[in-house]
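Below are structures written as structure tokens.
Here come two complexes built around chain A, the first alongside chain B, the second alongside chain C.
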Partner chain A sequence: MTDASATPTPSEAPAQEPQQDSAEPIERKSFLSWLSVGWIAFAAATGGFFTMMGRFMFPNVLFEPPQSFTIGFPDDFQIGVVDERFKDSRGIWVVRSYDGLYALSTVCTHLGCTPNWLITDNKFKCPCHGSGFRKSGINFEGPAPRPLERYKVTLTEDGQVFVDKSVKFQYEKGQWDLPGAILKV
Partner chain B sequence: MLELIKNTIDFLSQPSISLTMILVAFPFVFPPTEKFDVWHRKLKLHKIWTKQGGMIGLVFITLYFFLGFTDEHFSLILKKPDNVPIIFIIYSVLFFLWLSMYQAYENDQRLAAGEPVAEYYPAKEKVLVWPDLVFIEFIALILMTVFLLIWSIALPAPLEQAANPTLSPNPAKAPWYFLGLQEMLVYFDPWIAGVLFPSLMILGLMAIPYFDRNKEGSGYYSFAQRRKSIFIFLYGWLVLWIFPIVVGTFFRGPNWNFFGPFEEWSVAKVVALSNVNLSDYIWVKMLRIGLPSNPLIRESVGIVFILAYFGLIPIVLARGKLRALPEKLGPIRYGLIVFLALAMMLLPIKMYLRWTLNLKYIIAIPEAFFNI
Partner chain C sequence: MADNERKSLGSRITGSMIWTSIFRTPFPTTRSERLKSILNNVFLHLHPAKLSRHAVKLKYTWCMGGLSFYLFIVLTISGILLMFYYRPTVEYAYTDIVDLSEQVPMGIMREIHRWTAHMMVITVLLHMFRVFMTGSYKPPREFNWVVGVLLLTLTLFLSFTGYLLPWDQLAIWAITVGTNMARATPFLGHEGPGAALLAIGDINLVTMSSDVRFALLGGRFVGESALLRFYVLHCVALPFIIMIMMSVHFWRIRRDGNISGPL
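Moving on, here comes the complex of A and B:
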């Protein structure tokens, strides 16, 4: 079916002039200028689109929970207990050990899932790829490459514990010894 | 008796054992060289790719799932709407594998006897694309739509509660087609398993026509004429892609622990998985001097290891076993092929290192988000 038209027979091959005269021939120059108009329009539209996309990334108002907050008095926290009260609202675990009190981030350092605190096994365990962290936040099993991050903890003037999530302390950079990584109480 | 079978299956399904079995069996089932082919036929494995072989396989898999559906634990996993596609996957992957191998083996026989292949079609008669082919495609399209509609009505997609960033479901599973990647993430850093390996897969697949210029077997199925290419491809497809998806779907439970199919998914299951970096092994356990503070010195052994793996092995192979290849393929093609093959081997190697030595990372530079 398609064969007949695909292979021209010698009889119809010659003489056929390109059928240009029926339509207005487009001059090379005007074609080029149309082309540039088209491209400029295209670039403007895409540029505008991406600008708006970019603008979208910086909203006027951010409905985020505050990055720094007080969580109560040091004595509200028992020694040796992982406090899960602020996990949902603030994204931190508060742990008090004999050395002091620290706030652990609830973001797994592997790919960002939220681990669970398993009381019986005494560890944080991530449900995504099985990373495990000790109470201190040190990673010891699974693929997580580094320990959980700690947030800055200080005391307010009236003696409450103040957590500042904008300041992070990373163990692998040796920051857990810096002031603020742990609150001696 | 049934319990015994179930326990055996549970035991054999552990990734360390099942992967080993698959890797050992693989060259005998898909012989990449003539030598393996001799064994392949001695062990009567070529019978798999006959009609009886296919039937027996079908019966076995169906029995397995039957056992699963009657088991209180496995049925929970099988009946989950998320997992239904995986049952389809197992059936369809194996069916099409069998079908193509069946046709290939038949053609191999014909070729050996000097006959034309089954796909050979005397060019005088023609089947028209329109209406013959388009019509078949149209009907297939309608049937597929009907099937999808019924499926989506009968097994509605599970809607869960509103997303909450502070709560990851346990186990937190990716969609089924990503479970292979999620399984790789257990062994690798997100950059490697989530970015580098997937890109290599896509680029590698795209590059196949440039690597494999073998004209034989084009337009018809044949195994004997393209043993090595089919072997390599099926290794990537079945072992590196389908196998991890099945493991991720059926065998990963709470806390991403491994569970045999007939085992109960208990949150309380504790598996000790303490992992240690290569640098810890070297500096702390062997040399007993503690980790050097400079990350490059600390990880030097791992870096040397990886560089040697990707740098030396191709050279050694080019001098030794694969002497003929660099000349035949040209240095660039040879280098790229060996690089991709080595990358494909890295996954099982890393898995075994994890299982045997609890090795976490060969190179671990968390300071720079670089871990292998």
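Moving on, here comes the complex of A and C:
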């Protein structure tokens, strides 16, 4: 390290001096500040890229069925019948009782499987772990901890039933009495 | 005469430019040459340069770590072969799996992959059990224990992501149930503790469309994008991470006092 520059040959010595004069010497302090600017810029760019990576995983458009839709006129649904027409396409059972019409979620409240409507047993039965629900959605057997959820049902201006799955009503929170949980028709 | 010719042929090969450029050291005959040949090989240098007689006893190590690595290699090779036929779309995934066992020659390849995956989970767990019972997690090996725990979770996550790919009823519902647990992740899952705290006014930041479960599924339920994400995780992302972690694991064995055995 030190011994390398200890004995400059006469031919090298004059060549070094003009170099030092022409190039402006970078002082230690300014070099460090430029270095820190560089590192901060690099860290910011890297952090920005990691933020992009996180946002990249959440697309703006989902190719999933819409969360709110009309399902027809109230008279299309018979009293006392569990309507399974929208089970596969929309993920709801439409039930009309003497009290009114409600939309039950087809997601089991235990671990999220889809129960089956067993018309002879008059109950919803989940194939995964055996949870059972009444026609109202109240759980009565198996590991399900709470009743099926209901979705918001309203009438459109032309008298059709409109279901909004982004609003849900949970029995155990006393929400089934709220407006929208059941459609009085 | 014939012996001489054979010798000269052998030495002609080992003395050739190709041979010496690949193997920098001549065939090791002494102890130091053997050490050097291990250190000069990219594959062998991760492994300890020398082992004590005690350390390689089967009844002590059970060879479960080595078997786990062997099974990982089998899984990598059979998995790459499966990728030539399997298409991760809702339309084709299930029928491609059926074709793999019924139409493709050597239809057992998918079963090899599946059974090897089951076996790897077992061997990794047994390896962990052995390390625990022999006290091999103690300092200076405590960091390698942590790396090992990460490798266990990665193994389980590889199993989990592979489970969806057949796209049959069992797969779809198992992943539905499994990913529903991610709803309860603290802060990151929309039904988890602390998620309600992450809100600006009335607007929740962690919702069904922005939580960790959504990032995993690419949607609000198990569908087309979930299949694709699990496929990419299973075939590229997780093997990439586990290979890095395995390299660290093997290297640390060498650095932290050689394989097994008391220090």
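Here are some notes:
Heads up, the rule we're going with is that the second predicted complex is superposed on the first by the 130 of 185 C-alpha atoms of A that agree within 3 Å, B and C clash if a C-alpha of one lies under 4 Å from a C-alpha of the other, contacts with A are read in each partner's own complex, and residues count from 1 in each chain.
Simple rule for what comes next: a residue touches a chain if its C-beta (ideal position, glycine included) is under 8 Å from a C-beta of that chain, and two chains touch if they have at least 3 such contacts.
In this text, all values refer to a predicted model and were calculated from it rather than measured experimentally.
Once the two complexes are overlaid on the shared chain, A:Arg146 sits against chain B while remaining clear of chain C. Judged by the touch definition given at the top, the superposed model places A:Arg96 against neither chain B nor chain C.
The partner of chain A that touches more of its residues, comparing chain B with chain C, is B.
By the document's definition of touching, both partners, chain B and chain C, reach A:Cys128. Of the two partner chains placed by superposition, only chain B is touched by A:Lys173; chain C is not. Shared-chain residue A:Lys165: touches no atom of chain B or chain C. Shared-chain residue A:Leu62: touches chain C; no touch with chain B.
After overlaying the two complexes on the shared chain, residue contacts for A:Cys113 are found with chain B and with chain C alike. Counting contacts as defined above, chain A residues 111, 113, 128 meet chain B in one complex and chain C in the other.
For chain C in complex with chain A, the residues that touch the partner chain are 173, 176-177, 180, 209-210, 214-215, 218-221, 223-225. In the complex of the two chains, the chain A residues touching chain C come out as 57-59, 62-64, 111-113, 128.
Taken in their complex, chain B has these residues touching chain A: 128, 164-172, 182, 185-190, 194, 254-257, 268, 270, 272-275, 360-361, 364, 366-367, 369, 371. By the touch criterion stated above, chain A contacts chain B in their complex at residues 1, 87-88, 91, 106, 109-111, 113-116, 118, 120-121, 125-130, 132, 140-143, 145-146, 172-173.
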